[in-house]
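Everything below concerns the one structure shown next.
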Amino acid sequence: MLRLPRFIRRDRASTRMAVLAPLVAVAAAVAVNLILYLVMGKSPAAVFHAMLLEPFLSWASFSEVLLKTGPLLLIAEGLAIGFRAKVFNIGAEGQFILGAIFASAIPVWFPQATGGWIWPAMLILGAIGGALWAAIPAFWRVRLNANEILVTLMMSLIAAQVLNYLLLGPWKDPKGFNFPQSVMFQYDAMVPILIPGTRVNVSLLLALLSAILAWAFMQKSFRGYQFLVGGLAPRAAAYAGFSEARAIWLSLLIGGFAAGLAGAAEVAGPIGQLQRSISTGYGYAAIIVAYLGGLHPIGIVASSLLMALLYIGGDNAMVSADLPIAAVRVFQGSLLVFYLAATTFVRYRLDWGHGTKGAAR
Amino acid sequence: MTKSYGQVRANRAIDLDVAPNSIHAILGENGAGKSTLMKLIYGVEEPDEGQVLWQGQPVRLTSPAEARRHGIGMVFQHFSLFETLTVVENISLIVPGAKAELARRIRALGQDFGLEVDPLAHVYALSVGERQRVEIIRCLMTEPKLLILDEPTSVLPPQSVGLLFDTLRRLRDTGVSILFISHKLDEIQSICDRATVLRAGQVTGNVDPREHDAHELARMMIGRDMPPPLHAEARPVGEKRLELAGLDHVEDDPFAVSLQGVSLTVHSGEILGIAGISGNGQAELARLISGETRLSDGERDEVRMMEQGVAHLGPAERRALGFAFVPEDRLGRGAVPEMSLADNSLLTAHPLGLLRHGFIDRAKEAAFTAACIKDFDVRTPGPEAEAGALSGGNLQKFIVGREILLKPKLLFVAQPTWGVDIGAATAIRQRLIAMRNDGVAVLVISEELEELFEICDRIQVLHKGRLSPSLDPATTRPEEIGRYMIGAETRPSEVA
Amino acid sequence: MNGIEFILANMLAAATPFLLAALGELVVERSGVLNLGLEGIMALGAVIAFIIVYHGGGHLAAFVGAGVAGAALSLLFGILALGFRANQVAIGLAIGILGQGLSALIGNSYEALTVTGLAKIPLPGLSSLSVLGGLFTQDIVVWLSLSATLAIWAMFRFSRLGLVIRAVGENPKAAHAIGYPVIALRHGAILFGGAMAGLAGAYAATVYTPLWADGMIAGRGWIALALVVFGTWMTGRVLFGALLFGAVSLGGLAAQAQGVPVNSQLLSSLPYIVTIVVLGIISSNRRLLKINGVASLGEPYER
C-alpha cells in the first residue's frame, strides 16, 4: 500500500542541509520559473540568458547589480536581527520612504547650501527618520501589546501617502511641470561615487560595513545571543531575565535605522531627487533577502547579490525577451517559498515508512 | 509489541495479557516505556511490529476513535480537556448525543461512582481533582470494557486516593478491566491483582504484586534495590535568605491562581518544601520568587532576599544577589532545546567570566560546560550536544548543575525530579541536601509528597493560593498534609 | 445625496471584501493557524475573476474561479506550514508576495481595463425609505456575505464542527489524543479561508470597483487580518469591524459628496490609521485576549 512520507525530527540539526538548502531552492525556483516562461510563450533560454548571464557580461551591467545590492544588503541586515528575535518588521518599505523624506529635507529647504557636510548629514537624518517611523510600532508592541506585523505594515501604507502629499503639495518642484517630484538635488547633496564610470557610490561601503557589524553583533555578542534566545524560546529569555521590551525596541529601531539609511542613500545617490518611484519594493524584497540568507549576516551578502541580480536581470529580460517585469516578483516569491521548504530538511528528514505493519494479517 | 521513535527503542517485544474483571498494573520508572505502550493500546500510535488481540480477535487500532469503538477508554495523566469549553462540551467531543441528555447522564454517573461534577462549568474553573473526574466520566460514557488510567494518583491528595480506589473496585465489579499505570509500589500492591513490570522498554516481570515485597518489585523495575531514603540530620539554621510576608498578588490572567497572605521564610542551612496539588498557585508563586513576575518599585519588600527588598527586580538582578532557580519546565524555560549545552550555560552562568566586554568567550563557555557535565554526571556526547536531545534526567542534572555552579546563597527548585529516572532523581536530591549542609538556603516546590518528606526540614502546603503554617515532616503524618492540600485545615501561614 | 446617505448606501458593499476575507481567516485562526498571505490571495482571486468576467464568463463563473484559485494558493500555504513545518509567519509572507506577483503577471495585459459590475437589487418597501433606503439596495453578493456571516456564527455556536475547530485551536495535542485529525481539519480550514479570500478579491475587482490594476487590493487583506484581532475571534464583532472599515474607507468620497474639503492623502490613510488605533486599544486588554484568544495560534504542531 502506498504511504505518504512523513517528516521525522532529527536528533541534531544537519549542517550539510543548512548549506545545501539555499542552493536547492535557487535551482528549484529557476526550474519552475523557466517552465512558467515556457507556458507564457516566452523562450526560457532567452530569459535565462537575459536574467542570469547578461548582468555579468558587461561591467556597466554588473555595476548596476552592485548598485542595487547596497540597499538590499543594508535593509536585510537590519531586518534579520529582528527576525532572529521573532520581531517581524514588515514595514521596512515605509521606513525606507521616511528615510528618503528626512534626507530630502536638507536639499529641499536649503537648495543653495554647499559643503562636504551635506550628504553625510542627509544620510544620518534619513537613518533617524527611518528609526522614528519604526519607533511607533515598537511602542505599540511594548506598551499596547499590538502585533508589530500589522502595525509596521499599516505604517508603510501611511508612508506612501505622506510621500504623495509632500510631492503633490509643499515639496513639489515649481519648475517641474506639475509632476509629483521635488527639485533636483545640488551636487553636494549626492553621495560620492565609489567606482568611477559607474553609479556605484560610497553607500555600498556602508552596506558592507553593516554586514560586518551585524556579524559581530549576531554571532559574537551577548546581546545578539539574548535576541536569539528570545526568538527561539521566549520563556527561557524571561527566565534568564533578558528584557523582551529592549529586544523589541532595539530590533525595530535597528531595522528602521538601516532602512532609513538606505532610503537616504537612494535619494542622495542614483536618483538625486525625491520622487514616487523611490519606493520600488526594496523593503519587501529585503525580507526575502534576509530569510534566503538564513538570517545569517554573511549569507545575506550572498542573497542580496542574488536578489539584485534578479532585479537587473528582470529589467534585461523585459527588453530582450519581452518578459513582464511582474515575473521578477513571481520569481522572488517562489524563491522564498522554495527556500522555506528546503530548510525543513535541516531539522527534519523524510521517512517513507515500510508499508503497513501490525495485526491486520 | 515493538515501537521505535527514530533511534529510541521505546517498546521492545512487549507481551501483555489483561484478564477480565481485573485491575492490572503497568509498573515502571520514568522513561521505561509505559506511555508509549498506552499510546499503542489506545490507538494514538501504531506499533512497528506486533499484534493486538481484543477479546480473542486480532484488531488494528488505527485511532483512538477506533479503540473506543472496541471498548477501550483512557484517562490521561496530563488531561486532554479543553479549558475554554464546558464539561458537557468537552464530553460531547467524544460522546454523541444532545447536550441536555449528556448533562443528565453526567450527573447520574457522577452519583453512581462518586464522581460528582457540574456539567455546565467551564473546565478552567475546575480543580485538578474535578478535572480528573470529568476525564473518567467521559470514558465511562463510552461504556468501556477496558479502562486505562495513566498515573491517576499524581494529582490527588492522600485522602482522595482511597476514594479513587473505591471507584475503581466498583468499576471492576461491574465488569470493567482496569489498566493502572504507575511507579508507586505501595499503591499497586494495595489495589492491583496483577502487574507487568517494564524496564528500558522491555518486560522484566509479570507477577501478582500482592505476593511480592517492595524489594523484589523494585528490582524488577530498576534492576537494583531502591536507593535508601536520604537522611538530612538536623542542623542549626542561619540568617534569613528568603522572606515573603503576607504576600497578596492578583493575577491578570483569568486562568491563573491569585495568591493571598502568603508567608514563608527560608534560612541558610535548611530546606523548605512547598507541597500541594498542581494548579493551586505553585506556578504563580514560582514566578514571583524568580522575578519573572515583577512588582512595582513601591512593592519591593513583598519579596525579600538576603535581607533586601527584591520584588521589583528581574531574574538577572536577583541572581546577582546570590539567587539561583531550577524551573519546572526544562525545555523552553530552563534550557533552549535547539541550542547546544554550551550556549545554554550562558543563560544564567554568563556572569562567571564567560563574557569579555559584551562578547562571548567561546573557550570559557566550553570549559564551564564541560566542568558542569563532568561534575554532575550528565550523560551526553559533549558541550556541543543540543539540549533537546538529552533525556529528561540528564537535562535536569545539567540545569541543576548549572545553577549550583553559580554558587548561590539561595537555591529555588521547582519539581526537581518530575519525569526523571530514579538514578538521576536520587543524585539530584543528594545534591540538594549537600547544598543545605554547606549553608545554602534551599526552597523546593514539589508534587511528590514522599520526596518532600525525605529531604525537607520544614513543609508548608499551598492550597488555592494560600499557604499553610510550617509543618515538621518528622512529626507530621501525610494524612495531615493531605488535609491542608484539600483545604480541610485552614490555619494560615504566619508572618515570621 | 449627502454624506450620511452616501455612506449608508455604500458601506455594506465597501465592507464586503473585508468581511469575506476576515470571516475566512477567522475560521483558519480558530483552528490555530495564522495565514498572513491574505493580501496576495485576494489579489489572485481578483485578477482571475476579472479576466473571467472580461471575457464574458459571467460573474458566477468568475466567483467560482476566484474561490478555486484562492483555495489552491492557500493549499500551497497549508502544505508548507503544516506538512513542511515552515514558520507560519515567514511562509504566509512568502505566499502573499507570490500571490501578488502572480496576479500582477497574469493581469499584465488587463491593467486599467474595466468591466460591468452587478446590479443592485432593491427590496420592496425598504428600498424606498428616505435616508436608509440605500442601505437596503445591495447586490446579491452582499446579501450572500451577510448570510455567510450568520452561518459561520451558527456553526461555532451550535454545531459539533464548530466545537471541534475550537478544540483543535486551543489544544491540538489533546484533540489528537482523543482522536481528531488535527492536520486534516486545519487543512480544511485553510482551504476555506483561501476560498473566502479569493471571493473577497473577486468582489473587489468585479463588483465594488469593476476594474483591474496591480495593487488594487490596497492593504485590505492586511486590514482583514487586523479585523480578526479586533473582533477577538468572534463572528459578530468581526462583522461590526468590517462595517466600520467599510464606512471609514468611504470617508473620502463622502466628504466630497458633502462638500467638505479634506486632504485627500489623509483620507486615504484613514483606514490604516484607524487600524493602528483600534489594534492598540484591543490588544492592550490582555485579559480579553487571553479569554477569547486562540491558545495555539501560529505555533507549529508536533505530534
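As written, the chain order gives the labels A, B and C, with residue 1 at the start of each chain.
The rule we apply is simple: a contact is a pair of C-beta atoms (placed from the backbone, for glycine too) under 8 Å apart; a residue touches a chain by one contact, two chains touch by 3 or more.
Computed from a predicted structure; not experimentally measured.
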Could you find the chain whose CA centre sits the greatest distance from that of chain A? B
Tell me which has more C-beta contacts between its two chains, B-C or A-C. A-C
Chain-centre distance (mean CA atoms) for chain A and chain B, in whole Å, is 46
Let me have the rounded angstrom distance from the C-alpha centre of chain B over to the C-alpha centre of chain C, please. 44
Between chain A and chain C, what is the gap in Å from one C-alpha centre to the other? 27
Which chain C residues reach two or more other chains? 286
What are the residues of chain A that contact at least two other chains? 9
As the complex stands, chain A meets chain B at residues 8-9, 11-13, 216, 220-223, 225, 229, 232-233, 235-236, 238-243, 357-361
Sort out for me which residues of chain C touch chain B in the complex. 160, 163-164, 166-167, 170-171, 173-180, 286-287, 290-291
Residues of chain A touching chain C in the complex: 7, 9, 88, 90, 136, 140, 143-147, 149-151, 153-155, 157-158, 161-162, 164-165, 168, 284, 287-288, 291, 324, 326-334, 336-337, 340-341, 343-344, 347-348
Spell out the part of chain B that touches chain C in their complex, as residue ranges. 43-44, 63-66, 68, 76, 79-85, 89, 92-94, 252-255
Footprint of chain A on chain C - complex, ascending: 36, 40, 76, 80, 83-87, 89-91, 93-95, 97-102, 104-105, 108, 214, 218-219, 222, 225-226, 229, 263, 265-266, 268-269, 272-273, 275-276, 279-281, 283-284, 286, 289, 302
